[in-house]
């Protein structure tokens, strides 16, 4: 840890003192705030930055994309089948947001974005999607080269964390794009009583099952076709949103999204695993509560 | 794909057909994916089953504790329907098993005493070409996470089936006189104790029977959930869930790895 | 605002956990004592309305009765007030550390709130002042949210901490008939609602831009971004705030070896 203590001993002085600090640091190569490193922002934790460096990438800056698309008045009135307008608006909002984040990735000369947080807001008249993440680019080593060898034809967007990106890439897999499927479906209107006649019976409501099951399958099929479009061979960490629409309870919202991945290495490489048993459980400290 | 079970919706058939081309979808995390690969399985796709089920009315007798058999049957049958459909989807994909199964129940406002039962998981297939299906010839199912699945395989065991037992029980209300007579006393409420005890025993017994049927030699990760759903506080569903496991043939020499003890500096 | 420095010089107090303390000692950083900076102030209530347009949205339609122009713009009075409050509190904390002869402040925690109502602001920063025995007195005390081994890792990999940072930007959206037309769904599905997209973008890019200006030659890492929306009649606000640590790279990054992959057997 002597390098660290030397570094701290020199901290807090003008740039001129950096030479002195640099010489104190064991490995030497000094640049007062390495070229191009200025003004970067990143919402990654230090661990994630270190892991990215270990696979040859470095963060560039926080990037985002916003899509806000109108939804025709009246589509939420109780009807039958899928609410196509809500679905179309969501997909358009997502692609608008993706387009926005891609432009920012281009502008910051990055190759993609990791740790994308997906915010989805639905209101009666609009569907809003906001994507926020950190763009990354290959880091240069001392010789000016980089050991990140994957060439992306277009910027990748991935909602996997930087940590997941690093772990996945060491196994030979790389993320391509954020893909999503959506379905908004009206519950069948026919009353339950009418369909079964007797309230005391245990019976499957097949028309209900069919309507909702179909909608879920449609959303998953849509996500799958997007994976094919972006050239992926798989999708990991699918997030499933499944809830009644807050302002129209008879409509069930079903969203499924995640990052399409593809194996770019010749074969899957298995990590060398060892099992560990953490022995650092939180120590219970003294607790006192009043007895009155 | 002509042999798709009539039980599955038509969209499912088309979606599964696409998955057979080699693309996969999965809700496994990156770590889980790598661990599942590590023990020789490859994900095939997300599979699910759904059933919306009308739960018949059955009122408990106000003063007595008893099982509400009609409600028990509804909760059990509906889950079975959802699970079976999920297994059918996995079967269509030629899967050896389904990992990370989640069973959810949704009650909707428009539902009128009905609920949606959903089973979702990731279908996997062994890369060594051997079959790991269970005794009933069905893909194994398990609610173990990727990490737990990896650890289980290290011990020489394989999951056989997600097993469950349920029991909907009505717990008797206490009479007014009874309540008044006992004010100021510390004592066990024997009828309550007995009712809760019986209900849990029934749920666990049913789960064990299921485990026996699939040839499991034990159940891991068993847990007992107690929920009142929409029935008020005196009617409780006791759901016992776990993964039935059996020793893998030819796993005699296998012994689980000894962990290194570590202390991490994570906060 | 003037700390009592007359205490016993050999006794330190710190907010460090034992592992963090151990890491500080191994880095030759001696904890001195807890230091804090506090600022409580009033925000002018009308300042929220003094925005200026960045983009206008003329009426998109001929059919509307009223032709009003909406706009999206910045309202920076509030942002300046909050950032000023943060800077003052930070300066006070660093001043306190400097008085103690410390070189830096580690493990800085930031708390911000409205103590009485929306027109007041309160910022409290606190952390542990540390000094490097033997090093000469600094011209500027550094500060960071990190402590312990995370800080050690930061330095090992070629960065040094500079300062904790806070930036904020509020975008104001004044609805015109463009918004009323597309945004109310009257027109149909699939129209891009530019004012909303622009308001969200402006708040975020504004906060990032302010942070960039603040961090000349240094990087802002570990950013947490908070976005807050308030909708009123015809006027909405989107506020984005960023918090993080400014760090400076003083060496080319040494590639980290591949991490050791483990599976934890603790549940």
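Details
Just so it is clear, A, B and C label the chains in written order, and each chain counts residues from 1 on its own.
Everything below uses one rule, namely that a residue touches a chain if its C-beta (ideal position, glycine included) is under 8 Å from a C-beta of that chain, and two chains touch if they have at least 3 such contacts.
What you see is a predicted model; the values in this text were computed from it and never measured.
By number of C-beta pairs in contact, the leading pair of chains is A-C. Taking the mean of C-alpha positions as each chain's centre, the chain lying farthest from the centre of chain B is C.
Put simply, the C-alpha centre of chain A and that of chain C have 22 angstrom between them. Separation between the centroids of chain A and chain B, computed from CA atoms only, is 29 Å. Between chain B and chain C the centroid-to-centroid distance comes to 45 Å (mean Cα coordinates, whole Å).
Chain B has residues 35, 151, 259, 262 in contact with two or more other chains. Residue positions of chain A touching 2 or more other chains: 167, 271, 273-278. Counting partners per residue, chain C has 150, 262-265 as the residues that reach two or more other chains. Touching chain C in their complex are the following residues of chain B: 35, 147, 150-151, 259, 262, 265, 267. Listing the residues of chain C that touch chain A in their complex gives 26-29, 103-104, 132, 134-135, 138-142, 146, 150, 152-158, 160-161, 182-194, 196-197, 200-201, 204-205, 208, 211-212, 215-225, 227, 242, 244, 248-266. In the complex of the two chains, the chain A residues touching chain B come out as 160, 164, 167-168, 171, 187, 191-193, 196, 199-205, 208-210, 212-214, 216-218, 220-221, 223-225, 227-228, 232-240, 242, 244, 249-250, 252, 258, 268, 270-271, 273-280.
Residues 17, 19, 23, 148-150, 262-265 of chain C are the ones that touch chain B when the two sit in their complex. Residue ranges on chain A touching chain C, taken from their complex, read 1, 3-5, 7-14, 18, 21-22, 25, 27-34, 37-47, 49-51, 53-54, 56, 58-59, 61-62, 64, 66-75, 85, 88-89, 92, 96, 100, 124-126, 128, 130, 132, 139-142, 147, 166-167, 170, 271-278, 281.
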